[in-house]
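Read through the structure below, which is laid out as structure tokens, and then see the notes.
Chain naming follows the written order as A, B and C, and within any one chain the residues start at number 1.
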Amino acid sequence: MKNRDSTKYLRNATLFALASILLFIWVFPLVWAVVVSLKSEAEVLAYPPRIIFEATAQNFKDALFGGVSILPSLITSLIVSTATTILTILIAVPAAYAFARLELRGKKWLGFYTLATQMVPPVGLVIPYFLILNKVGWLDSYQGMITVYLTFSLPFAIWLLVSYMEDIPREMEEAAFLDKANRFQALWHVILPQVRGGIAVTIIFVFLNAWNEFLFAVQLGGNTVRPVTVAMYNFVSVEQTLWAKLSAAALIAMVPMIIIGITAQKQIVKGLTVGAVKGGGRQ
Amino acid sequence: MSSPMNQSKRAHGRGRVSLRGIRKSFGTFEALKGIDLDIEPVEFFALLGPSGSGKTTTLRVLAGLTPPDEGLMTVDGVDVTHSQPGERDVAMVFQNYALYPHMTLEANIGFPLKMDGVPKNQIPGMVRDAAAKVKIDHLLHRRPGQLSGGQQQRCALARAIVRQPRLFLLDEPLSNLDAQLRLETRVELKKLQRSLDVTTVYVTHDQEEAMTIADRMAVFLDGSIVQVGTPDEVFNKPSNVDVAAFIGSPSMNLIEGHLNGKTVSIGDYRFDLPKLSNHPSGNVIVGIRPSHIALGGAGLTANLYLSENLGESMLLNFKVGDNLIKVRLPEVRSFTDNEVVHLTFDSAHVHLFDPKSGIRIDL
Amino acid sequence: MHRQGGLFAGERGFALLMVSPGLLVLALTTTFPLAYLIWSSFQNINLAMPFLDGFAGLDNYRDMLSDGRFWHALQLTGIYTVSSVFLQLVIGLGLALLVMQIPTGQWLFRIVAILPIVLAPVVVGLFWRTLMLAPEFGIVDFIIRTLGFESVNWLGSPTPALVSVILIHTWQWTPFAFLVLLASLASLPLDVFEAARIDKANAFQRFIHITLPLIRPAIIIVVIMRSMIALSAFAAIFAATGGGPGTASEILNLYAYKTSFVELNFGYGSALAVSLLIITLGVSGILFHLRTARRS
């Protein structure tokens, strides 16, 4: 008996060690970024790189309040991401309900169309958008950016929500109709409360994708609309890269995402795997 | 506690349902092939049949959830064939209850009242009354997920009866309960219906259930109704071989035989019918229930194939030629394998069916 | 109040009402720009030399087919997509199998796996470019030199640059494959494996004949989704190498971008983008067909 226990223990220990090494590979870049952000610029350039040093919060202060502060960009990202998310949900929920529940002629084609719109590579959209927004004068504007962000948020949200709504048994709504509810009341009182979880997952993913978006942000924005992903480049130029400040700024920009990631991890994994079961989709 | 409108409705014997020529197809599958049915007010009417026979589709037509392709449906003389479910004053208990999982029992039961525009202050009282009738008034604050199957079913019942509909539909309500609970609930359902005085249509595939609970029933086979009648009529006068084989547990024995005047012969076995029938002589199908066969006498020669001891009685399976005949013996005896026995039929309880059409031959 | 046709008559109006805002927005934000893109690909639109503007017919496409840089970009796209998806799958599956065996602490792996996924790809690209791979100061280089190997110009030499961007993409997205496959493995019924053990299958045989077929749907989905993302990956490569050095890491995506926004040749850029679109649709069509064909 003792032999078996010890081999089992050895086995578990090796597995754990192996997994921990791999874990390390994924944790390390972030950890190193934190380390660098706490160094002064001079310290960063020291060679060989030191692990023990005098930590300073100066970089964070500079990133937030200094000359090239990313604070305005944080606000911009917040506005754009929030507006995109709200608009997306308002439009996608009824559309998803109609797809999932109602008998529509050509429903299959509509579903395929929604799926296909997700397949379009962003570069294929940024070109026409640039040309169109240029003509309309909406470059570097909030309305332009948010409209463009709907491009990738909406199909994804509809597709996600449809799969959640399809899971609700038909009898639930039929019981509501027999209880004299009309379609709107059935949707509001019966269906929506049950897809609350699905809506939460959708919100998380839409917000995440909007916040992290880069291509549209850099091409279609400018000085007014400069999301935080673009603001990173405040610290990168042809002459030099301000390493420590860049790390600090990037970390600040990513903090909201990390918080969401950790607190909503169950929802996120659920969202990823819903995609895995039903197919297609972004991110 | 009921509204003045409901009270006056009940006084007029409301809830008379009539279906004429109802047809429904799903793609190429013909689910209902012309259904005609009359249901009296306040009766407990069962729709009985095997899976896929059309009984649930008919129920859904009554509910307004499945509009028929053809035909007419009237309730109390008013054409409601294409009315919306909410307009029909009909309540339904689904097979898996369809309770709203995010609402408490109280909210579930109160939902139809809320949708109907009943004043808010009246709702709690009506909910409590309905819940008390099915004995779940102590669980009103709980959610469906926290309840047992039996309790969920009662909640579905309460939600259905709370607005005192004129038609009450039940789709195999007992099929998700365990055997013991099923028997208990059966009795309570019947008593509940009596106390509520509401026309009830009940779908089931369990013929024993239908026999014990219904005032009248319709037997469905393959999208058509093959017989309508009281349990007694259906049991003792099945209109064709299919009904005969379906009703009764264990099912009726059906053997090929020959009719000559008053005498029926099966192989060498001969016996006389109590009455002369008008049917011309010829081949017939003889039906006899297992409890109407006795052992001994100058009867049909049979080999014992299997004997089942049921405690207080026995179920014996005999081989007669190619046929398997079942006999119920009200006592327990021992038998040897392949024992040869003579079976005598109780001629008063013999059924005859035409071999080609399967229709009952009246005596 | 009676309505002919029962539920479905009144429903049509309601359905249209629910769906039309969504469809309208979709049409405006996706279909219309796409149509514009296709139209532009048949035009000469050069913001640097506006006097060249005008209808170009198939000129852009003809130029594209004889453009060496285009074929190079196409080749790089293929290498990038196939290798990163393959790596993600293999490493992700390996990790998932590993973590399944560990009795406790799975939650830790889940949290660590989520972090790379929620980061912005541009940030990931910048981190790797600056902190990890930069010559002299980057950690990766430091470790390699400490181990006694030669320093590698990760981002400055052609092949290492391609390797680097593939590495970066794999680093960021393997956790996705890991999480999905882990969930799939965790949902497998135990009794099938027990039956296999009774049938004397060893661990490897059980893996090949039972585990793999059962998680096939999850694997296919991972391949589909990651391929789509790999084909249109932009921000991380842009941040890390900008497509360079030269065109060493310039996948088709980036080439189209550069042509349009750096050389300001929107017409040709549109044609490049359209070809990428066709390739993406083609690949997804094949993959989806694989998925549904096997399912039935």
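The criterion applied here is as follows: a contact is a pair of C-beta atoms (placed from the backbone, for glycine too) under 8 Å apart; a residue touches a chain by one contact, two chains touch by 3 or more.
No experiment lies behind these values; they were computed from the predicted model shown.
Undergrad: Quick check: which two chains are joined by the most contacting C-beta pairs?
TA: A-C
Undergrad: Starting from the Cα centroid of subunit C, hunt down the chain whose centroid lies farthest away.
TA: Of all the other chains, the one whose centre lies farthest from subunit C is B.
Undergrad: I'd like the Å distance between the centres of subunit A and subunit C, where a centre is the mean of that chain's Cα atoms.
TA: The mean C-alpha positions of subunit A and subunit C differ by 15 Å.
Undergrad: Need the CA-centroid distance for the pair subunit B / subunit C, whole Å please.
TA: Measuring from centre to centre gives 58 Å for this pair.
Undergrad: Subunit A to subunit B: how many Å between their CA centres?
TA: Computed value for the inter-centroid distance: 56 Å.
Undergrad: Which positions in subunit B touch two or more other chains at once?
TA: Residue numbers touching two or more other chains: 64-65, 84.
Undergrad: Considering subunit C alone, which of its residues make contact with at least two other chains?
TA: Residue numbers touching two or more other chains: 8.
Undergrad: What are the residues of subunit A that contact at least two other chains?
TA: Not one residue of subunit A touches more than one other chain, so the list is empty.
Undergrad: Which bits of subunit B are touching subunit A when the two form their complex?
TA: 63-65, 84-86, 90-92, 94-96, 98-103, 111-112, 115-116, 159
Undergrad: Spell out the part of subunit A that touches subunit B in their complex, as residue ranges.
TA: Touching subunit B: residues 169, 171-172, 174-182, 185, 189-190, 193-194, 196 of subunit A.
Undergrad: Which part of subunit A faces subunit C closely enough to touch in the complex?
TA: 12, 15-16, 18-19, 22-23, 25-30, 32-33, 36, 44-45, 47-49, 91-92, 94-95, 97-99, 102-104, 110, 113-114, 116-132, 147-148, 150-151, 154-155, 158, 183, 208, 211-215, 219, 229, 232, 236, 241, 243, 246-247, 250, 253-254, 257-258, 260-262, 265, 268-269, 272-273, 275-277, 279-283
Undergrad: Touching residues of subunit C toward subunit A in the complex: what are they?
TA: 8, 11-12, 14-15, 17-19, 21-23, 25-26, 29-31, 33-34, 36-37, 40, 45, 91, 95, 98-99, 101-103, 105, 108-124, 126-128, 130-132, 136-137, 139, 142, 171, 174-176, 179-180, 183-184, 217-218, 221-222, 224-225, 228-229, 231-232, 234-235, 238-239, 253, 256-257, 260-261, 266, 269-270, 273-274, 276-277, 280-281, 284, 288, 291
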